[in-house]
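By letter and in written order, the chains are A, B, C and D; residue numbering begins at 1 in each of them.
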Amino acid sequence: MSLTVFAMTGATLVGLGVYGLLARVHMLRRIMAFNLIGSGLFLFFGAAGARGAALDPIPQALIITGIVVALAASALAVGLVVALARSSGTACLPDEAGDT
Amino acid sequence: MSLVLDIALCALILGVGLATVAGHGVFRAVIFFITYGLLLAIGWARLGAYDVALAEAAISAGLTGVLLLAAHGRLRRLSAAEEAPLRRNLPAALIATGVALALGWAWFALPDPAAPDLTAALPQSGVGNPVTAVLLNFRAWDTLLEAIILLAALIGLWMLARDRAWNEPLGLQYHARAGGVMASFGRVLPPIGLIFGVYLVWAGAETTGGAFQGGTVLAAVCLVSLMAGVLPAPRIAQTAWRAALVFGPGVFLLSGVAGAIFAQGFLALPPALAKPAIVTIEAALTLSIAVTLVLLVIGPPDDGGQDA
Amino acid sequence: MTALISGLVLPLLAALAAIALPARARLPVALLGVGLTLAASIWLAISVWTNGAITVSLGGWQPPIGIALRADGLGAALGVMTALVMAAVALAARHEMEPLVAGPRTSFGFWPLMLLLWAALNAVFVSRDLFNLYVGLELITLTAVALVAISGKAEAIAAALRYLLFALAGSLLYLAGVVLSYAAHGTLDISLLAARTAVPGDALALGLMTAGLLVKTALFPFHVWLPPAHSAAPAPASAMLSALVPKASLLILLRLWFEAMPELATPVALFTLAGLGALAVIWGGVLALLQARLKLIVAYSTVAQLGYIFLVFPLAGGDGAAQPWAAGAWTGAMFQMLGHGLAKAAMFLAAGIYIAAVGSDRLSDVRGLARALPMTGFAFALASITLLGLPPSAGFTAKYLLMTGAFASGQWAWAFVLVGGGLLAAAYLYRPLTAIFAREIAVTPRPIPWGWQAVPLVLAMLSVALGLLSSVPFDFLQIGRPDQAAEGL
Amino acid sequence: MTTTLPVLLLLPSLVPAAVTFFLPQDSHALRNILQLGGAVLKLGLIVWMLVAVATGATYEAEFPLAPGLVILLRIDALALLFISLSATLWLLTTIYAIAYFGTKAELSRFFGFFSLCVAATTGLALSGSLISFFIFFELLTLSTWPLVAHKQDKPSLAAARVYFTYALPGSAALLWAIIWLESATGPVLFTEPPDLSGLDPAALRAIFALFIIGVGVKAGLVPLHGWLPAAMAAPAPVSALLHAVAVVKAGAFGVVRIVYDVFGAENMTALGVGVPLAIVASVTIVWGSVRALQQDEIKKRLAFSTVSQVSYIVLGAALASPLAMIGGLVHLVHQGLMKITLFFCAGIYDERAGIKRINGLNGMGKRMPWTSACFSLGAMGMIGLPPLAGFVSKFYLGLGAIEAGAPWVLAVLLASTLLNAAYFLPLLYRLWFLPCAANTKCDERAPGLVLPAVVTATATMGVGLLAASPISPLGWATLIVTQGYGP
């Protein structure tokens, strides 16, 4: 039962992240939204991997890899946002700065 | 009882997650995001996935949080930290709900769990912690590429430097007051962190821990030392730093090639040698991961000037 | 096996060396890596040709515990195409990325990024593990984004950020599908998934993975990130981005729909994929028609040219896979993948020469350059022949095989896409060609070394030669092909 | 030997093409030697082959590209007719072009594409299957485009664009038709016409229409002829090549192949598509002549005359009676000889006397007697005066029309002859009977230009006079029809 709770939390987090990604234009927000989606998926995955008799280590290893990959992508994205702000004075993509 | 606890924890996670997305102000969102990561780490502990919990806390909450905070600081200086308030966005809400519902449905549609049987393989892997066995033996290729990804992200990040700043020290320069909190913190913390980080790597073979978690702790130590001015800020031109970056992946890669030459194949570890090999690889990897993470967080060389 | 592993290890080692070694050793070590990896890719193709598909279980662990790699005809062919493009890119970058020309930052970063991208592409071409493919895709994404941003210009930064945004969204969608299929079947291996017991969640998993890969392949309507990114990058980087990077996600898409879960390929799904491809052909072509810069025209043409490949889904997928025309249609799409790669790289490298010569790629500035740089003009024209699908180029072989499949399967409406797309390509390539071959020179060009000019020409000639000598590649692509149907029509 | 000869026939044009592209502009001697050497060598090979074929040898070479995609080169009687014509005229045009251009700019590019164009025509003639025909057809389009655009001034570029705008959709239609047909019948070889009995007649009619549109663009069938007069912006040797040797001829040749070797005369009649094709051809014949009459520029007038004359070949094929077919086939050769003569002369008038319009021709008969004599022979041949070449063609077409039970064609032929006379006779009148403008500078002491014209003009007369001989084009065409397509 607990697993279902975690899985549903994961699914909801993915939804939250998707909303943040689509509705927010500040790029730091979007980077956080990405991480939210990723961690939601991982939570879902972790819950699924815990269903068997023993804890399946493969999802755990994959999740750790995924977390590190997400960090690498976030670091590059953050760097790009700072560079964008430096060159154009805004942390939003050119054609979206005015929206929302 | 534990179900109630889990439900409460999940509600908290969702609440903080919601605040990260919908809350007002980018800075506050970052703080919520860090909190979110820590709560999620507790969730992982509840699921019994201690390795993941450690990774979540150290990497997602810790390093990503520092990264975001530092970025927010720079954006504020460039007056780009402000954002338009959140307006209702129906299409986005529909898509988000759809995705969440689809995943929710998928959970209930899952067949009985079908995990691969590792009982025969684990004793051959050389380590007692099954997660480490997967990461450094069964799926070592993933882990090797993952270390390379960190490196690629760093090279990519450096490409965002301005040409005139290329030979400057990395990152914006911090100036800790002599005798201030940061300075004393910077002297006291590193030895403790160093020991903890090394322990995590060593322990990772048998219980919770591992190269990435240990590397993160070492990176934190290194960051604090840099901020406190105990360590001089690195420059790209310094060969030692660049050598430290490639050392771990290089050892990993060459041990894989050695497996191809002397054992059954690429990345193969003979059971007798598996444990020392994994510990060696992990040690080398930890060093490089720590350095890479530090440099990822402090960013490309920056002379503080503005383009526009 | 050694050949397969060498193609992965050599570029990685060369990249690590290029990062660590001091500046003067960087170029030699990078070029050495390029040469050795090229040799390894050709060696792999030769061993696949003589021994059939090569399978390796990494670390000696069989799936589902470990990761399996498998080089089939398609993977090895893409590997060779990639190696040829990369070698050409390296020869062009030797001039364009020189420290004195490009500055110390760019000349430092280009080589490791290029070599890492190459390693990641080779990894994706042979991997049979869905999560390992995810890791490979991420490495491709990060290096590709960095290569877009490398020029440091404001529009390049914005284009790179938008690219990263789309690519990460695509990655997460793909990852969601991977998570679901592992949760259901306890394996990530494509061959094991093919033998799984189907569950209702499979369709969702496949749908999520497909959506993610479509974003990464820049299929209409997810193409908006591609033209700004590919045109903002320096020319050698654009060549890699346009010719190679979309092929990786496309290959995974093919592996999913033809190997892992072919039974989920319903007519509606296949029609949707090809329909989007058809719209990409038209929309990419129309937008290419409206551009005033050479690189933007070439970049929009990538959107259009990738669209053709999606016709493979209804022509050779689903129930059609067992039909006699499937082999031809499938191989036709693969010829498009290979031919487009060579031709598109040639075009971007030619554009790079023009930019180096006159400092701009506006059509008004490249006027008459064929007179001063005849080899480059000739290269652009030859590459255009492939994109137009005119004989005897690889593009024609592709078009012929796909059209034959369309008529043989009674889905002749798709032939309109092939023929109309060719005419549209003629329309949008006519302007750059007449500009380049104009009589009067608009801007007097700087001299370009002979060895550099020859690079795009060789690639363009290869794209034509692939069509002229297509019988060996045709047989090669059949090695390890799923659904071995009766040979051809 | 039997497989190498078809390939060998391509090489005398391909090799000079490949080498010429990379020659520096000022290495005139080497370039000319290459071009002439290639042309002479090819002619020699063809003579050798003619002898061999007469003794019963067959030649075939095959290059598989992919399943169904096979380049097949085969020598049959029809191929020989076309290839002999093109090889002979190529040699003459090369001599003419070398003299015409002298040391002008961009000659390496010009002669490179020139040879490539001839290689494509050779390949087209030798093609033994539909798909190889298509491949060389496209190669021809690609290699002639730079020739049309050669001068790179505004009119040439516009002409080249118009040419592409017509040619590419035409190719698309042709490819569509080929793949549609082959998806039902498998690869179509010209030696064994496909079995069409099981196919839907409506689909077959559509396929036939697409085929005719595809090759009709090149053959200049009305209303697909618009590019041909526009292409007059090209230099004279190019016009000669386009009209007499390569492009238009390739279209007409394609019609013959499609009618006789793909569909077969009987199927064409059974499908009821022969008469519509004959009507299209007739309309083209009359309309081309009417338009020619309205032109003031010599080359434009000749261009519309080509539109008209080439459709005699199509008409011969469409009537599907043996005699009409002989008339059409022999016109393939005759029209080539006559039209190339006229274009050679038009080029000489332009180049050596600056005459572009017909009123400039006044009195040129005395000032440029050789050129004017050749021009007159060509023009009279076009009108169909006996015993010149054009008469033979028209005579056989007329007989064929009666044989095919289509006497209305006689009216078309008569109208066309009258129109031909109406637009050519005034030129001859101007040449020989009007006084010349006082101080026109002219001289025809350019043997490289005049000699080819004299040769072709003599041939125009010769093929008419010697029509009864078995080695004349008429004898050859009769052989083709009685052997290959006889009832």
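Just so it is clear, a contact is a pair of C-beta atoms (placed from the backbone, for glycine too) under 8 Å apart; a residue touches a chain by one contact, two chains touch by 3 or more.
What you are looking at is a predicted structure, and each value in this text was computed from that prediction instead of being measured.
Considering the contact criterion stated above, the chains in touch with chain A and with chain B alike are C.
Note on chain placement: the centre of chain C and the centre of chain D lie 43 Å apart, centres being C-alpha means.
Here the CA centre of chain A is 68 Å from the CA centre of chain D.
One inter-chain figure worth recording: chain A and chain C are separated by 28 Å, centre to centre, where each centre is the mean of the chain's CA atoms.
The distance from the centre of chain B to the centre of chain C, each centre being the mean of the chain's C-alpha atoms, comes to 31 Å. Multi-chain contact residues of chain A (touching two or more other chains): 14, 44, 48-49, 56, 58, 62, 65, 69, 72-73, 76, 80-81, 83, 87-88. The multi-chain contact residues of chain B, meaning those touching 2 or more other chains, are 103, 110, 113, 115-116, 118, 138-139, 142, 146, 149, 152-153, 156-157, 160, 307-308. The multi-chain contact residues of chain D, meaning those touching 2 or more other chains, do not exist; every residue touches at most one other chain. Viewed as a network of touching protein chains, the structure does not reduce to a path, ring, star or complete graph.
Here the touching chains pair up as A-B, A-C, B-C, C-D. Across the complex, chain A is touched by residues 2-3, 6-7, 10, 13-14, 17-18, 20-22, 26, 29-30, 33, 36-37, 40, 43-44, 46-49, 51-52, 55-56, 59-60, 63-64, 67-68, 71-72, 74-75, 78-81, 83-84, 86-87, 89, 91-93, 95-97, 99-101, 103-104, 107, 110, 113, 115-116, 118, 130-131, 133-135, 138-139, 142-143, 146, 149-150, 152-154, 156-157, 160, 210, 212, 293, 296-297, 299-300, 306-308 of chain B. Chain C makes touch with chain A in their complex at residues 131, 135, 138, 141-142, 145-146, 149, 153-154, 157-158, 160-162, 164-165, 168-169, 171-172, 175-176, 179, 182-183, 186. Listed in rising order, the residues of chain C touching chain D in the complex are 327-328, 331, 378, 385, 390-392, 396-397, 399-401, 403-404, 407-408, 412, 415, 419, 422-423, 426, 430, 434, 437-439, 467-471, 474, 487-489. Against chain B, the residues of chain A that register as touching in their complex are 1-20, 22-26, 28-29, 31-33, 35-36, 39-40, 42-44, 46-52, 54-58, 60-65, 67-76, 78-83, 85-92, 99-100. Of all the residues in chain B, the ones that touch chain C in their complex are 102-103, 105-106, 109-111, 113-116, 118, 121, 137-142, 145-146, 148-149, 151-153, 155-163, 166-167, 236, 239, 242-243, 245-246, 249-250, 253, 256-257, 259-260, 263-269, 307-308.
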